[in-house]
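In order of appearance the chains are A, B, C, D and E, and numbering begins at 1 in each one.
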Amino acid sequence: MATITQAPPARPPASTDRRRRVAARPAAWIVWGVVIFFFLNLLGVVASVLVSSFGQRWFDTWLPDGYTTSWYGRAWDEFALMQVIVVTLEVSVLVVGLSLLIGVPAAYVLARRSFPGKRLIFLVFLLPILMPPITYGIPLATVLYKFGLAGNMSGVVLANLVPSVPFVILTMTPFIEQIDPRIESAARMCGAGLRTVFLRVLTPLLVPGILASAILVLVRTVGMFELTFLTAGPDSQTLVVALYYSMSASGIRAQQSVDAMAVIYTSMMLVLLVVALRYVNPTQLVAQVKEEPEH
Amino acid sequence: GAPEGPGKSSGDTTGEVPERPARAVTLNVLDVAGNLQLTQAMIDEFVSKNPNVISRVTYSKAPAPELAGKIKAQQGADRVDIGLVLTGVDGLAAGVEQGLWTDVLPKFQDRLGGMRNYLEPAAAMQQLAGNAGVAVTYYPSGPLLEYLPSRLSAPPTSADALLAWAKANPRRFQYARPANSGPGRTFLMGLPYILGDTNPKDPAAGWDKTWAFLKELGQYVDYYPSGTTETMKNLANGTAHLIVSTTGWDINPRVLGTVPKEARIATIDGFHWVTDAHYAVMPKGVSTDTQAAVLALLAFMLTPEQQAKAYDEGYFYPGPAVKDVQLSSAPQKSQDAIREFGRPEYDALIAGNPTEVPLDAKSLVAAFNRWDREIGGGKVKQG
Amino acid sequence: MSAFSQLRLDGVSRRFGGQDALTELDLTIEAGEFIALLGPSGCGKSTALNCLAGLLPLTRGSIWQDERRIDTLPPERRGFGMVFQSYALFPHLTVRANIAFGLRMRRLPKEEIRRRTEEAVRLVRLEAHVDKLPGQLSGGQQQRVAIARAVVFEPSLVLMDEPLSNLDAKLRLEMRTEIRRLHQSLGLTTVYVTHDQEEALSLADRLVVLREGRVQQIGSPREMHTRPANWHVADFMGYRNLWRARVEQLDGARVTVESSGHRLLGEAMGDLRAGVDAVVAVRPEDIRVDGPGETGNSMSATIEVVEYQGRELAAEARTESGQLLHLRTEQRIAPGDQVEVAIDPQRLLVYLADAAQGGELRPDHLPHVAEAAR
Amino acid sequence: MSAFSQLRLDGVSRRFGGQDALTELDLTIEAGEFIALLGPSGCGKSTALNCLAGLLPLTRGSIWQDERRIDTLPPERRGFGMVFQSYALFPHLTVRANIAFGLRMRRLPKEEIRRRTEEAVRLVRLEAHVDKLPGQLSGGQQQRVAIARAVVFEPSLVLMDEPLSNLDAKLRLEMRTEIRRLHQSLGLTTVYVTHDQEEALSLADRLVVLREGRVQQIGSPREMHTRPANWHVADFMGYRNLWRARVEQLDGARVTVESSGHRLLGEAMGDLRAGVDAVVAVRPEDIRVDGPGETGNSMSATIEVVEYQGRELAAEARTESGQLLHLRTEQRIAPGDQVEVAIDPQRLLVYLADAAQGGELRPDHLPHVAEAAR
Amino acid sequence: MSGAGPGRPLAHWQHRLAERGVDRQLWLLVPALIFVIALFLYPFFYGLTLSFQPTNGGPFSDYARFFSDAYERGTIWITLRIALPAALLNVLAAVPIAYRMRGRFRGKRLVTTLLVVPITLGTVLTAQGLLNFLGPTGWFNRILLATNLVDEPVRLIHNYWGVFFSLVITGFPFAFLLVLSYLSGIDPTLERAAATLGADWRRRFTRITLPLLMPGLATTFCLTFVLAFSVFPSAVLVGNPAGETRVISLAAYQAAYEQYDYPYASAIAMIMGFVELVIIALVLAARNRFYTGSTGGKG
């Protein structure tokens, strides 16, 4: 029989831990070094835009000559940013809502059921994600213009739905697969019909997945340049497109006011991101991951 | 937030255009030339003075290349909601070729009395537009060279000298890709005059010297930025010591502070101004009420008091398209800016050098295409 | 509670792809009965249960509740309750809401829902946990929630698919008693799926043994235990000793067989004739180690492996002829010991070894036979 | 095969965050021994095994292989084989490649790898499956691959973490015998983790019972079975009857206690004094139903629930004082029967009920005690 | 009346339909199907037919035009020259980093959060930032000059590298998160098992983790390659759109919106899609040579 011989501190702490960490160091250093280098440069990229947007004049020096906030006012007025931001939000909300409404039920069927032609349908849903946006964007814009659906918000929304719906399907599928089908069976055995199962059981359980997928679609839509660019009319530009125009449209524009606009764009994205990360783990933004135990 | 367009509301688009609209219209203005910088104040003033003609105005901007596609699509869908387009020569011409614009002349000549007062080169620019566009602002443009005296004391003054300087100072001379840059295209179109090419209006057959010159010059050019802004930035930060410019690009960036105030300009011996203008056009398919409103607006914009606003902060220096518009009648802010950043020598330069209209759109696109392939794209193969 | 007096499965069959998972299941369930579906993994137990629940469409056959055909009803309209293997509790609902779910679906008055939910909570003794989420419960507690959820709306039939297989040994034993108690106190008609013969024996009024989708035997626990219908069922019911043999002589139910050199006396199970191939089935606890038996069924063997099992020892022994014996004894034996073993002829069952009785005899169906032959 | 004569765990401890998962494990393993680590879920069994394997760094303590300290070695240099609960077969490698993996890592000659792999394949009887991927095998087959992979390079120690818990009852029984056979034929030193007392009893030479990270008892299966060190171990070892009691009188190892109105005579386990709170532990099979016992430990009770278990019946009975009894008997009894039960005093173990012996006495640790009290 | 034979009557027709997987639930698929047909397949085939109806010449003349013109044809190579290395770098760099981070550790959430940021920056902002940061007088060059690593600013924008960096900034985090999730999908006990079998970390990685990760890497490569291959704004903004970064999407765009030649633009778009699908098909074919079944780690 084991008896407790000594109080815990009397035992020597094991040496294993420290030794093995030291051994792992060189590889870790390189990896962390690369990561830090990447982040430093990223920081530089973002910060140089931020600093410049507040710079009065910035020629061949480390920092601007003076600081001002006037570029924001200029950018705001010149590109009617209020309207652009409103449009951006409207488009995003519409795209997110519609793609969830269309995508989640389809994802459910594709995740749960097998039926003739399923592989083909899956492939068709995959294509819009695999194809370069320009490839289908140009004919899509042409068709949408032909039906009078482009050049305004409906066009932007429709075009953005093309990659978004498949995206919802793709991101939701693992979440749905994760739900034990027996839970649905259990609900039906309790007397719940299909609709009730969907509304009372599946939807609450899918909230994390729906959130993750909504956020992804939102971020992608706000950032989606090509399709919006091809289908937007003058009054249905989103922020990225306005930003692109500010960088490439004719006219003389102070660099700083473009920077200011970029900062506005980034801030909006960051706000979205911060909100998003309250609800989802960052890796979930790409795929559903189970955290493994620490050792 | 998008206004439901007037094009849709009042059905009649082809009938008689009344003197004034039956009901005040909402006007959507699309600017593809950066022209609102000069004219937005004029339009705003008109709207505030004539709320019974235009009740509300919205502005939007787009790059010129998309103009034709967009208008065409709206017309195809029978839902034109852009009442007024402000464009440069390129967008105007693209639309003319596709038959997008309502002919303003000669039908409405008498409503636009201001057109009789065009400056002479502005009148030439108006000629270039044919019947569709109404020139609203004008400037002689360039080509000019721009430099910082601290980095370059004696700028080259001839084509040969420019070449020699570029050779001696590799990577220090810059101009932007002509298709994306006013100064770039002005330089391109101005070179045949400077070099004495056989036919400055025929880039395909008449520009032998120009193409040869650009090719040789290209050997000392590091890269062609995709916009003028970039060249200005490089001038300011010292990467480039000599760049191509225009009157507007000379003054306005210095007002904005993106180029040091002390920057100077130089001209090449024997240069001709290649002039530039902005036009107002009406897409076909706009309701007659809106047409009436636009015509009233344009007439207003061509009055000397309004044209004075085109001095702006040197953005399109001088800017007014009609005669006898004095700087002193411009807004105070304009006067201050031009007094501080303008150049007294411009008056003499403008008076003392011939002016030429730019290439027509087709030739220009051909020239751009050739430049892209042989000069711009050529850089890759060499490097 | 039961809304019917009989539930009849009439030739219920189910194919998956080209394979029969369940073939022609005929079974009549009386109200109040506790029926266990038993069989090795993949034999079609869950398939049968899911067909009954309406979660799987049938390929052939029909299901009748008294005179009403119910196999065309969706599961939510059959009014059966079900307990799933991993419980399938709604993870986003509290224990209370989980249990009340079925009542809600039936749109009962609030007050009644509350009352009946509390009653069910009390029944499964979860009063202290009603406001917890399933994730905060132990396995046994979850199991009780699942049972409460399935019985609270007084279903005419409760189906359970291996409800205990996720629990550890100790808890499994406790929950088994719990289920038995609930069944007795509520008088529920129950169909219970398990692959654990001990569980089936201890719980059910009647057992249905399946093999490869076909019913092998239906009967009471005692029948199953003492008189398996064929050697496959015997194998499954714990007759670990299965030896190839040849029938030598028949005398009513008494039969003499020869198996690897031993002459053994046993009970004839089914239609034997002298000279046919047979399989002898004996439980380890029916092999006695206490010296030469008076009945003649005795052999001497050498103990090879001994496992301590508390009161008893489980051992493997080998006879001189190489036959491997699994036996259990309270005697103190050790590897290497020479022992005399005996088998009561009444406990030595002799089955026909041919295809007619429960399928073809393949060596991998008879691991012990195969082993002995090496 | 074993490259050492002794393996010594010296105060091995492991904390996770602020919590002790394993506290001061002292254990000496002799070459060739089969040791089972036993205990309820979360007691630290896997932690101990992983520390031994080198997969978890120790917080305190050291591990010695004869005179060599090995806890500082990474797992790949300890040379131990391990069978994981979920087998952890490499899904992209064939059975053959899985088994050969350890030999490859040791850079043995091709020919020897082939020979030893085939030998191991034969040992676990997977000749027909060598070219399949693990995904194509049944649970039992996978289990055998895992074992072959762990033993093929003749490790000095084989560690097994609940290798049978994923299998069904029948297969579990067969694989258990298989492991026992392998251990005996190869003479492997084995440390085996399980929460199944029956498994531990039947396999091990010595058992180590853990509770909340601390060793409760180390001993032979027989010691564990008949003389658990405290009532927690007893509970875990199948003493389903655990009753609160008060010590009345002591007479050497004989002790008289009072439990819900019954005066009972039993064995004193540990340091008892008159008047202290105690816990009485009795196995169900040690409660006899055959009338008043001569030893005086007899009670009359009413049978409440009966379960058929083949040879025996398992039953719950309640005494007049409300005490619930779990018992097993070969007698034919039925619910409602009045019976006299008796317990041999040697089989009635009396433990101290206080904190000193294996932790505080909380009602949820004593479900049966709690039940009786209602 | 025995066996699965025809003796007993077939079950009710509802059972038989349900058996085929056809039941009411399939309606849930309809909105998405209508959507994908109307907004993807129809425009796509419209574009395809349009590309065979050039303004002048036979049905294939626009394709012929593209391939006979070195300036146009070259865009394929230009695009691949940017997209393939960028996608490869993104995936390869992600592997060791994700490998280090697959366990749980303090700050993991922070690091992954930081990595999500560049995904949200979008190409346009990234371009603007690169112009500022990597420009001749940007901080990057200033640091190089100040530390005497170079005598003259390094040209990192308005050329191949500008576009390349832009693709790395936007693509790497995406690749990293994907690889991380694939890695976490591999049951960690497999590596522990390999350790107990005598494999050091190098061989655990090469023999166990990497082979199991390969299918995930192939998928990640495809997805990042798709992003890189359709590079458009950054090719204009930080690249040299007339020269070494005149990517194929730019050629398509110019044909459509500068020359108003929709058939030609469609032809280019189709060629673009085709080239991309060829690469993806090659990668996926290679992927199939690896084990692609369950790796046991996913929940």
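Definition applied: a residue touches a chain if its C-beta (ideal position, glycine included) is under 8 Å from a C-beta of that chain, and two chains touch if they have at least 3 such contacts.
If you're wondering where the values come from, they're calculated on a predicted model, not measured in any experiment.
**Q** Listed by label, which chains are in contact with subunit B and with subunit E?
**A** A
**Q** From subunit A, what is the lowest number of touch steps before subunit C is reached?
**A** When the steps are counted carefully, the minimum from subunit A to subunit C is 1.
**Q** Report the pair of chains linked by the most C-beta pairs in contact.
**A** A-E
**Q** From the mean C-alpha coordinate of subunit B to that of subunit D, what's the distance rounded to whole Å?
**A** That gives a centre separation of 89 Å.
**Q** Rounded to a whole Å, what is the gap between the Cα centroids of subunit C and subunit D?
**A** 26
**Q** Measuring from the mean C-alpha position of subunit A to the mean C-alpha position of subunit D, what distance in angstrom results?
**A** The separation of the two C-alpha centroids amounts to 50 Å.
**Q** Residue numbers in subunit E touching 2 or more other chains?
**A** 137, 236-237, 256
**Q** For subunit A, write out the residues touching at least two other chains, lowest number first.
**A** 59-60, 247-248, 295
**Q** Okay, in this complex, where on subunit A does subunit E touch?
**A** For this pair, the touching residues of subunit A are 27-28, 30-32, 34-35, 38-39, 41-42, 44-46, 48-49, 52, 59-62, 101-103, 105-106, 108-110, 112-116, 121, 124-125, 127-136, 138-140, 142-144, 158-159, 161-162, 165-166, 169, 174, 178, 194, 219, 222-223, 225-226, 240, 243-244, 247-248, 258-259, 262, 265-266, 269-270, 272-273, 277, 281-283, 285-295.
**Q** What residues of subunit E sit close enough to touch subunit C in their complex?
**A** 2-4, 8-12, 14-16, 18-19
**Q** Spell out the part of subunit A that touches subunit B in their complex, as residue ranges.
**A** Answer in residue numbers: 56-57, 59-60, 79-80, 83, 86-87, 90, 145-148, 150-153, 233-237, 245, 247-256.
**Q** Give the list of subunit B residues in touch with subunit E in this complex.
**A** Residues of subunit B touching subunit E: 65-66, 68-69, 72, 94, 98, 177, 179, 222-226, 230, 233-234, 237-239, 365, 371-373, 376-380, 383.
**Q** For subunit D, which residues count as touching subunit C in their complex?
**A** Residues 40-41, 168-170, 174, 176-177, 180-181, 184, 195-198, 201-203, 221-222, 225, 236, 238, 240, 285, 305, 307-311, 314, 316, 335, 367.
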